[in-house]
Each structure stands twice: as structure tokens, then as C-alpha cells.
Amino acid sequence: MPEQVNDTIATRRLLTLPLLRRESIGESYHVLTFDSKEAILAEPGQFVMVRGAEWGDAPLLPRPMSYLTAGTTPSILIKLLGEGTVRMARAEPGEPFSLLGPLGRPWRAPNAARRPILVAGGVGVAPLIFLARALAARGLSPLSLYGGRSARDLPLDDVLSDLGELQVATEDGSRGHKGRVTELLPELLGSGVEVYTCGPDRMMARVAELCAARDVPCEASLETPMACGYGVCLGCPVPTSDGQYLYACVHGPCIDSRRIDWTRSDHAPHRLPTLARSES
Amino acid sequence: MPEQVNDTIATRRLLTLPLLRRESIGESYHVLTFDSKEAILAEPGQFVMVRGAEWGDAPLLPRPMSYLTAGTTPSILIKLLGEGTVRMARAEPGEPFSLLGPLGRPWRAPNAARRPILVAGGVGVAPLIFLARALAARGLSPLSLYGGRSARDLPLDDVLSDLGELQVATEDGSRGHKGRVTELLPELLGSGVEVYTCGPDRMMARVAELCAARDVPCEASLETPMACGYGVCLGCPVPTSDGQYLYACVHGPCIDSRRIDWTRSDHAPHRLPTLARSES
Amino acid sequence: MRAQTVRIGELMLKNPVLTASGCFGYGLEYDDFFDVSELGGICTKGLSLHPRLGNPPERICETPAGMLNAIGLANVGVEAFCREKLPMLRERGVTVVANIFASSVEDFVTIAERLEKEQGVAAIELNVSCPNVTHGGIEFGRDPRMAAQVTRAVRAATHLPVWVKMSPEAGDIVAVAKACEEAGAHALTAINTIRGMALDIETRKLRLANRTGGFSGPALRPVALRIVWDVAHAVAIPVIGIGGIGSARDAIEFMLAGASAVQVGTANFADPCAAQKVALGIAAYCERHGLNASDLIGAAR
Amino acid sequence: MRAQTVRIGELMLKNPVLTASGCFGYGLEYDDFFDVSELGGICTKGLSLHPRLGNPPERICETPAGMLNAIGLANVGVEAFCREKLPMLRERGVTVVANIFASSVEDFVTIAERLEKEQGVAAIELNVSCPNVTHGGIEFGRDPRMAAQVTRAVRAATHLPVWVKMSPEAGDIVAVAKACEEAGAHALTAINTIRGMALDIETRKLRLANRTGGFSGPALRPVALRIVWDVAHAVAIPVIGIGGIGSARDAIEFMLAGASAVQVGTANFADPCAAQKVALGIAAYCERHGLNASDLIGAAR
């Protein structure tokens, strides 16, 4: 564990904030915006541990969520999965939430000499939208590739297209390219670009593979189960190519994709929607 | 356990009903009214096991609550105590609740030859209001004695006074007689009356004692912790004067006060408000 | 519909869902709710040789996602059960597992012999793991030799299938399980409650008159599941899983871990139809996956 | 303010609240949150002789009101701890309890000897009860003789106070506790986690790569409280209570049951300031009741 931890750490706080508003996007996605007196100085790629202040003893653990926006109205984009996200999706304005953040290592600063390509899968779009906004603020315009199962699984695609060029792919062909979003990538890779990706492990593994083959810098934002989110439980190991572990909450979630052993990072049954599971 | 179980039992059902409205009465009391397509045929003195359908795994057990009214808009009067009642008091219209009822033995039918005296302590007023309404529907007008710590602890006193004569007592003297409500009782007892009581154990024990001394029939509605409410867990024993146990959920909650061993029924630390406890 | 029957030794159950002892009365309290004969079976409240009053109040208290109980095995006694309860259960066609409890091997045998005389008892479940009584109970279930001794004695006294209910408090549960298997148990049921305690900090009193109580409910599930896995991987006889099961998902977890059937306990309190819903949910899962219920047993990968 | 100090043998703690091993890192991750030296103390992540990578993912999973962990004692090793972590803790004035783990008595001794050389270690806590490693761990903690052997050997090797952390999976925990007392332990800490398991019914896979994980959190509290009561009523040395403590109310329950101090574990995850809040809450309770913290110990009626 010789890894250095990011330095925005000095601003980590546990705040209890009321929900300001909740907007649903289709059936499975919601944007939750909170009301904070002090501005949250989160950077794109960082995350926050979120828990309803009134949840009692169960669900017990806070849920890691990427910041969609920061400042005095920090927001997150959630996908309904299990009990935690279902409760979040039921919350009404005014309901208090505990937010611990900003946490983790943000996206590495873009290299001005390269055009950023953002590769998003489903809800993984959240930290990439935050990044695209930051790039736009600097006058940079990213190229975004955005994939999902169907047109319904591309929440906030309009935001991305407002911020730069957007290409979409859906597995059922209901929008854009029919197939995987990674199929759009090869022809775009070259010495003038760099890649940022967040989405399902399998998608990110493929992005990493393509980038490695063409020597394109690629940063991936990892999802692992987390108990604490701030480096004390050691519950969030990410196997690295040199046989060690990085800890996603402090060494990530944004990590240089070449450091990760992608063959060992898809164990997680967690990654299946629990809602489907609980139907039975 | 040779005790016979009441016969309205044939209508027990577990229903999931939306909250229709919630009215607060001061800081500590709320009336919750539910919306039922079918009329709930509860009788005065019966109770219902109430649990938020969205509570998840905790709090685990449903909470026993006396019916305040029955029919298609069944309602309960709750006093804030611990996690269960606090959650109920936060519920918004539309929130689904599981209601198992009607349960238990209702108040014994009034004897037309006697004037009913209702002795209520705090939230114990709920099943007595229901009784007073039923009496009023038959053209009978009960005399109600209603006590609490202060004027704030006499929720729905106006309902009682609309239904008959009402005398109140508060320990701090902020309304009516200064002192215990049981102090109002002795001069009212005689051969022409019968008593129904619900409130703190100590109050009911005193009512029972006074009635026994004057040979006045007295029925008490007991509060014990309950897990099931329908006779299977055996968690709700009430010590009887012959050294046996009755089970409050099926043999009660309304029981002839002479059958109860009041000296053995005040063990419960449960009876203290948990809210106060959790301050620390 | 996919076949839902499961075998527990010689006994064929309609489906893998029973109700747990002490959490379903005598199975006669459910006429308003559902037809109990639809279940795989019910386990009766623990029956002793003589009627028992049980412990003084308070007997129960809630804990995070669980509860404590110290009922103290209040029951009508085996005689009254045979005369007053069993005929009604028989009439309703309910598969009845008689859960029995005693503080000596002799009494276990006497109870079993009494049940042996009746029609309509599908199996006997030996409660050698009750944490809420002073004598007998948990001591038998903690020690492999004592557990085996009770099992062997009851086996010799009855033709009925004998199930032994495991205590999670045994230091070496697998050793107890193996000893019971060797002693002739037809099945093992796991788990009974673990002893817990709760205190009120304002009165500074213990919440239960019995001081400790058995801990049950969803909170207990991960521990129960681990024990069922361990036991099922160590013995050849069927194992029946218990502990915090409230949904089909929970029940399927136990079956995948090696349970041939499951029992629903605490979940009946909040929902009298819980066991029925679990059974229906397992059937739906089987349908969806093209499996029979018996295919689930030990199918974890 | 009422006195909040409590004595654990020779060691005087500022207040009765420590943080539990494995749930507070090395105590250096809290600068943003609060001044860790305000606590009664911290227990470090379990230290082994050599650094350990820990188990592969998944290492954690949530359960009703609790969680399972199978970290596998990932840690920097005692040497790196002494060189890189301890000086910073010393500088901050933190009361440090070094939680140590080994798979042989010799290694336990070697680690203790290494710590003995340092300033700033207030006590050593022997983890003879880790459920997540193949060797050592829980075997030591289940058997009174083995637990005593480790205790005696470490006592002989160091002048530091020695605390022994009890496993709830011992068949006879009181026997283990007494054996450790006799072997010279200065205090007992109870409890470590109980092994649990979870399965995903769609993939049919176990949720944890290690198969089982240690069960912790509020769900565990009633079981932990009962064990603390039993142990505290059986030994004369101080007992430190652990298990699902997240509020002052929980902590006071343990103290009333006989604990001289408490440790806050899983609760730190949702709230990094949990232990600080527990300590403040106990002080407020003491104020309200006109008691010193030490008056609470074993004061249940």
C-alpha cells in the first residue's frame, strides 16, 4: 500500500443535507439534488457515500455514488438496483440524507495535447458528465461514446450532447449504433486522443484492452462494493496487473486502466440488479 | 389455555392499505387514517398490527394499535414512543401500510342496566373513544374520566366530550382536576355503573382495585409487547390471579380486571418512552 | 408447474417449505389466512411431557432486524396435543412435524412413544437446542455425545422419522451433526436461536424476565446460512434450513447452500401467509429457471 | 463534567470508548473528521509478522442490519506499522492498542517483542478469533488451552498489558475467558465476528470470494451483549464490549452489563465520527444521571 492518496482529501466531511428535488428519468433512473449551505468542492470522478439519515439500522451501509454536480446543489444520478437505491428513489424533497464526501481520486487532469474521448455505459455516465462539464468550462469539447441496452438506458444523453459530440450505441438497436459501444472506439483511437471510461466492468475491460493495444492513455472509474469509502475497511480491493491490490475508495475510483488486472475483477454477483433477484 | 377466543376472528385479514391522511395533535400524537376498499368490521376494543409496507427488515415487528375507528377508513391514534411510531408519524399520504386485523377480544357488551364509566389515560383513550361512539350509536351516553400528565396529553378529549360527559385530570393541574384521574373515580362507583379502562398499567391497576372493592364490573384493555398479535408466538402473557397466564392478543386485550394479577404486570421497561432513552 | 416435492428421507413433502416450531402455534390459528395443508409441513410448538406455563413477562423484545424470545416452552403438553390439536390437523390434511422437548433422555422417549400411537404425525423434531429453559435444551445440543444419545434413544422408541434440531451454540456443530447422523437421525434441522440479551438503559433492567432470549429473524440469516452450508457439506442425510427466512429469495439461498427444505419462523409474525408466499415464490423461480425444487439442493457454484 | 476515565488494569483510559480493530484503519485516516486522541483509544488493524495482501474480492457484503467481511487481515506488517504509522500516532497523542494476529504461538511472541521495543503502544490485543484466515485465528480462540497458551507466551514476552479478544464461536466462551484470565490476560475484549455466509440466487455464487465472512453490525448486538454479560460475570479482570455499538445507548447497555469500556466497529463506516459521538453521549448520560463513567460498569439491576 505505498500508493499516494489524492490531496483534495482535506475537505472530506459528513454532512446531513435535505433532498432539494428528485427527478425521474424513465423508470430506472433518478437525479437526486441536495441542498448544501457550503459548496462541496468535489472534482469530476470523485464520489460520495450516501445514506438516508432516517434509514435506521437497515440498509446499514451508505451507497457510493459519483458526483454528477458539486457546489451548493450537489447531485447524483442513481440507477434502481436494490434496497438502497429504491429508497433513494422514493425520497421526497426535505428528506434528510447523510453525505460523506468528496471521496476518492478524481479523473486525472486532461492532457491539453490530446482530445478526450469519454466512454460511458449506462449509469456510468454520471462522473463523465461532470468531467465533460469541467472540460467545457475550459473550452474543451470531448467526444462522448455512450452505450446501453436500449434507448431507455441512456439517461442524461442530452446533457452529454450539449457538451460536445455524442455517439450512442444500443444493444437492441433502438438508438444509434446497434451493438456495443466499444465497437465505436477502435477507429477513434490514435496518438491525439486519451480516454476516460466508466460503466460495466466488461465494457471497461474492453476499452482498456483497445487503448492498451494502441498505447492510448485510458483512465477507468471502478465500481466495487464499499463499506467505508475512506480507506479504513479494506473492503474494496482492485486486483492490479502486478499481483497487488489497489483500494478503489482511496487509490481510485479513477485509475489508470493499465494498472488493473481486468481478468480478476469480475467476480462480483453484486453487479447484478438485486431487483431482478428479489422478484422471486 | 382453555380460554375461548372471540368469534369475530373469522374476519382477520392482512391488508396493504395506503395512508389516507395523517393529522398531528400536538407534538406527540397523530391520527393515521387508512383507505380500505372493504370495510374493516372491527369492534371497539379490538386492535390491529401495523407496519409500514416499506420498512424493510427493521423495525421488524408490526406494532399493536387499538382501532380508533373501523369501516372503510380505519384509523389509529398513535403516541410517539420509539422507532415504529416515529416512522408512522413521518408517513405521507399514499404510503402503504400492512394492517393485520381485526384482532383480539373487544370490550364486553355493555349491560343496559348500568351506566358505563370510561377511564382513559393518555393514548389509552383510543379504544374508549371507539366504545363511546358505539354507545352513542345505541343512544347511551357514557361518563368519561380522562387523565394525563398535562393538558397536552389529552389527545381527542373533544371527541369524548361530544359523546357524553367528560371529566379530566392532569398531574400538573394544567386542565381539570389536579392529580390522578383515578382520584375522580371513587365517588362515582356504585351498583348502577360499570367501568371500562385503558391506560398505563399503574392507572388500570388502581381502577381495578377501586372497582373490586365496590364490586363494580371493570374491564381493562392491556398493553403487552406482541410479536404476532394472533396467538402463535406466546409473547404476550398476562399473569392472572390464579397463577396462570392469559395471552393478551387472543384472550384480550380487553379482560375482566378481576382476573388479572396486577402485582405481576408492571415489569415492562418497554413501557418507558424509547425516545427519551435514545437521547443519550 | 415444475415439481415442488422434496424428499426428507422416506418422507415426501409437497414442497420444501415448512413453518418453524414456536412460530406457528399448533397450525390451527390460520384458517382465516390460508390452507395450511398446502405447505410442505408445519412444526408444532415444542411439546413437553407435561403442560408448561412458560416464563413470566416480558418474553419478547425487538432488536435490529431481529428479536429475542424467552417463551420458556409454554405448551399444552403432548397428551393435550394428541387429543385436542392433532385430530384437527389430521382433518385438515396438514403434514405435521411434532417438535418435542424434554430435560431427560427418558422423557424424550416417553413423548416419542406417545406420539407413535397417533395417526398423522409425519416426523418428530428433537429440540435439543432450546436456549430458554434451565434444564435440558441446549446442553444436549452442544455436546456430540449427548445429542447422539438422545437421537439413538428416540430412534429406538419410534418408527417415525427423527429430525434433530441443531444448536448454533455448539463449539463444533459439524461434530454434533455427524454424531446425530451416526446415531440414526433421518434429517437435521438448523438452526435454533442463539442466546442474546437486551437492556434498558433508563431503568437499567434487563428487558427479558428470563435475562437471555433466543435471537431470531433476518439478522440471524447469514449465520444460519453458513451453518447449513457447513452441516450439509458434512453429512449425507437431508438438512432443513432455518433462520431469518422471509422470502423465496432467502429460502432459495438456503437450498442452494445444501438444504433440502426450509422452515419459516419469525417471518410468520408480521405476515401469517409468509410461508405460503415463500412456497409460491420458490415455484415461480423454478419455473423461470426450468428447474424442479429438488434441483436447487446444494446447487451453489 | 462527570469523570469519564476508566481503568483497564494498570491502564487508565480518557473515556470508555475505543475503536475496534479493522474498522478504523491505523487511526490516521481521521484528520478531516476529529481529533482521534480524544478517544479512550484505538485498536489498530490486525498486525501480522509480515505484510499480508488479504483476500481477493469480493471481501464485503451487506446483510440485514449487518455486514459480512472477509478482509483476510490485509495489513502492512508489524515492522512497517512501527516505522510508518506508530510515530504519527504518537505525535498525535493517540492511545494505541496494537491488535496482533499470527498463526503460531512463536509468531505472536515475535510480534509482541517487536512492539515492546516501541514507545506509544498502550496495550496489545491478541486476535485469537479471526474467522477469515486459514491458519491460526479462530482455532486459538475456541479452545481454552490454546487461548491460554498464546496468552501466557505473550505475557512472558512483553511488559505491555495484554488483552485477549474472544471468539463468539467457542463452545464454552466462559471457559476460554477464565483460561485467559488465569494465563495472565489483563483484559478480555468481546466479541469478534461470527462467521456468516451469503449467496446470490441468480448467479448461484457465494457472495464472498472467501466463502464465509465475519458478521458484524447492529444485528449482532444482542448476542454480543449476552456474551459480555456472561464473561464479565465470570472473570475478575476488565471486559471490553464490542458488537454492533453505534450510539451511546448501545455502549451504555454494554457497560451496564459489565463492560469496563467498549469498542466501536462497523458504525465507523457510515459515520467516521461515530466513536466520538458515542463518547460524548456517554458523558451526557452520566451528567444527566449524576454518575461517573466507571459507575456504569456492571450496574444493571
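We just call them A, B, C and D in the order they show up, numbering each chain from 1.
Everything below uses one rule, namely that contacts are C-beta pairs under 8 Å (C-beta built on N, C-alpha and C of every residue); 3 or more make two chains touch, one makes a residue touch a chain.
Note that the structure is a prediction, hence the values are computed from the model and not measured.
Asks: Chain by chain, through touching neighbours only, how many steps does the shortest route from subunit A to subunit B take?
Replies: Step count on the best path from subunit A to subunit B: 1.
Asks: Would you say A-D or A-C is joined by more C-beta pairs in contact?
Replies: Answer to which pair has more contacts is A-D.
Asks: Taking each chain's centre as the mean of its C-alpha atoms, which one ends up farthest from the centre of subunit B?
Replies: The most remote chain is A.
Asks: Go ahead and note the Å separation of the Cα centroids belonging to subunit B and subunit D.
Replies: That pair's centroid distance is 45 Å.
Asks: Mind checking the centre-to-centre distance between subunit C and subunit D? Centres are C-alpha means, answer in whole Å.
Replies: Comparing mean C-alpha positions, subunit D is 34 Å from subunit C.
Asks: Any chance you could list the residues of subunit B touching two or more other chains?
Replies: Touching at least two other chains: 56-59, 277, 280.
Asks: Show the residues in subunit D shared as contacts by 2 or more other chains, in ascending order.
Replies: 64-66, 201, 203, 205, 217-219, 249, 252, 285 - these are the residues of subunit D that touch more than one other chain.
Asks: Think of each chain as a node with edges to the chains it touches; is that a line, ring, star, complete or other?
Replies: complete
Asks: Could you pull out which subunit D residues touch subunit C in their complex?
Replies: Spelled out, the residues of subunit D in touch with subunit C are 63-66, 68, 142, 169-172, 194-199, 201, 203-206, 212-213, 215, 217-223, 225-226, 229, 244, 249, 252-253, 256-257, 285, 299-301.
Asks: Give every residue of subunit A touching subunit D within the complex, in rising order.
Replies: Spelled out, the residues of subunit A in touch with subunit D are 1, 9-14, 49, 51, 57-62, 98, 100, 224-239, 244-245, 264-265, 267-270, 272, 276-277, 280.
Asks: Sort out for me which residues of subunit A touch subunit B in the complex.
Replies: 54, 56-59, 83, 87, 90, 92
Asks: Hey, which residues of subunit B end up touching subunit D in the complex?
Replies: Residue positions touching the partner: 56-58, 277-280.
Asks: Quick check: in the complex, which residue numbers of subunit D touch subunit A?
Replies: Interface residues on the subunit D side: 22-25, 29, 31-33, 45, 53-54, 56-62, 64-67, 69, 71, 74, 76, 200-203, 205, 207, 209, 217-219, 266, 268-273.
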